[in-house]
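Pasting a structure below so you can have a look.
Just so it is clear, A, B, C and D label the chains in written order, and each chain counts residues from 1 on its own.
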Amino acid sequence: MGVTIRALEPADQAAWQELYEGYQAFYGHDARPQAFYDAAFARLVSGDARDFHALVAQSAEGALVGLVHYVFHPSLWREDGVCYLQDLFAAPEQRGTGIGRALIEAVYAEADRAGSPAVYWLTAEDNHAGRRLYDRVGVKTPFIRYNRPA
Amino acid sequence: MGVTIRALEPADQAAWQELYEGYQAFYGHDARPQAFYDAAFARLVSGDARDFHALVAQSAEGALVGLVHYVFHPSLWREDGVCYLQDLFAAPEQRGTGIGRALIEAVYAEADRAGSPAVYWLTAEDNHAGRRLYDRVGVKTPFIRYNRPA
Amino acid sequence: MGVTIRALEPADQAAWQELYEGYQAFYGHDARPQAFYDAAFARLVSGDARDFHALVAQSAEGALVGLVHYVFHPSLWREDGVCYLQDLFAAPEQRGTGIGRALIEAVYAEADRAGSPAVYWLTAEDNHAGRRLYDRVGVKTPFIRYNRPA
Amino acid sequence: MGVTIRALEPADQAAWQELYEGYQAFYGHDARPQAFYDAAFARLVSGDARDFHALVAQSAEGALVGLVHYVFHPSLWREDGVCYLQDLFAAPEQRGTGIGRALIEAVYAEADRAGSPAVYWLTAEDNHAGRRLYDRVGVKTPFIRYNRPA
């Protein structure tokens, strides 16, 4: 597919933000202030092993066409912890080209490297486009999420 | 109900393990080695703010009759992070007495105190007994969990 | 449990309606006019093999304490058709006494007798009390229901 | 899209069977004997108002490229009964061209004509391709299906 998966770098800020705004819009979230993107980006490139990491997909032409954010956190059940993949997004014109799969598999590789190979993610039950991919690269569990009331 | 919710203490190890073994059995997990319980307990009483915490329910007679384990972890969406409630268990003979609700509400209070009030948990879609409680103290989301294949 | 399962009879109208009103209330339906109950009851005791049938649970004291309604309809996949169990209800003070199970098993027996043993029913995903029973006497399928928009 | 929706006719048997075999294969069903197809087709063209009906999608070139099967059955809750749409299929090379939507909407029109407008169908929770359509032309309900154990 002519796409390279690589770590997010400080020079990516504008292109990353454009993609992440697309992600927020896709999920119907309200627009976020610029301070949200600034703070998130600073964390993603901070190198803090306990905070979020990002990988991006770069096209042969140099454009950012996909992103994934993940974090390692403790699990009481596993001493090696778990890897939570929070955000996954491919530019709409890139759908069906394998970018989503490549990003997830790159997180698997990073999780292996970090010694914490148990990767998981959450998705909306009716995210049919996403789930067509997730049913191929992952395993649906019977677990559903409850939140404290707002 | 005559039950006190309090932090787990080093002297609770044997009683805590008995409860947590009941939890593992309830979920049909294979028996865990003693080292699992030793390691988990050491973490729960370590005071490490980044690792798991535990609250227990103690009856008027002094017995441990319920437990809850939770951890704070980063979220890219919220600078104040989130609180993941991983395990909740009440001794079977105590069901229906409000211990589960009291433990969840105590986690809410701890999360408020820690400045990270967004509490969430996962449960099996067919955990009907648990979900009768969760539908009252929490809000079901449309999110389901996928795992990396084993 | 001292309960007899038997066919609905014309003399049961008032007691049946009281139970069925309880069912409608349990599911949060708006109150139905008397004409609804009159028409439904007339159909249930009509003896029309193509229309709905009813079984009721009668206590040792003679009170009606549970009901089930079912109908046979064609399936293109099975020449012997299918049996759709639409309504199941036990008086609230009778819950946990096995009436629900006895009513379902009586429908199984009627379906066998009718030569159409494939019984199915639908239930709300969050009907936790019902599903604790259904998980024991039936098998959850992956099928969910869609309706034409109102 | 250059497709006509029309009633199934006796001359369609071979083309209909080819499509319906594709449907059975799509759902991973075991191969059905010829007698299954013969019996199903005979019922679909019998004109029996109480049995299954079929509509097909015919391309401009005359090929059958889609089918839908439906049946009216009683409901105790509605005197006008309900319309159960059991099978819906479009030839794989026709996906995304609106045939599925056209077939469902044609069933809606037939149900209106029959005086039984309440149409419903069941689908596997993980039928993502289908559900992308169903979420647009229908309304997901909270109802899930249980079967009598085999």
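Please note the rule applied: a contact is a pair of C-beta atoms (placed from the backbone, for glycine too) under 8 Å apart; a residue touches a chain by one contact, two chains touch by 3 or more.
Quantities reported herein were computed from a predicted structural model and do not represent experimental measurements.
Chemist: Determine the set of chains touching subunit B that also touch subunit C.
Modeler: Under the touch definition, subunit B and subunit C have no mutual neighbours whatsoever.
Chemist: Please tell me whether the contact surfaces of subunit C and subunit D are same or different in residue numbering, using the over-half criterion.
Modeler: Counting shared over all numbers used gives more than one half: same.
Chemist: If I average the CA coordinates per chain, which chain comes out farthest from subunit C?
Modeler: Between subunit C and every other chain, the largest centroid distance is to A.
Chemist: What whole-Å value do you get for the distance between subunit B and subunit D if each is reduced to the mean of its CA atoms?
Modeler: That gives a centre separation of 47 Å.
Chemist: In angstrom, rounded to a whole number, how far apart do the mean CA points of subunit A and subunit B lie?
Modeler: Measuring from centre to centre gives 27 Å for this pair.
Chemist: Identify all positions of subunit B at which a residue touches two or more other chains, and write them in rising order.
Modeler: 125-126, 140
Chemist: Looking at which chains touch, is this a line, ring, star, complete or other?
Modeler: Per interface graph, the chains form a ring.
Chemist: Which stretch or stretches of subunit C touch subunit D in the complex?
Modeler: Per the touch definition, subunit C meets subunit D at residues 39-40, 43-44, 50-52, 69, 71, 73-77, 79, 84, 86-87, 108, 111, 117-126, 134, 137-150.
Chemist: Quick check on the complex: what are the subunit B residues that touch subunit C?
Modeler: Subunit B residues touching subunit C: 125-126, 128-129, 131-132, 135, 140.
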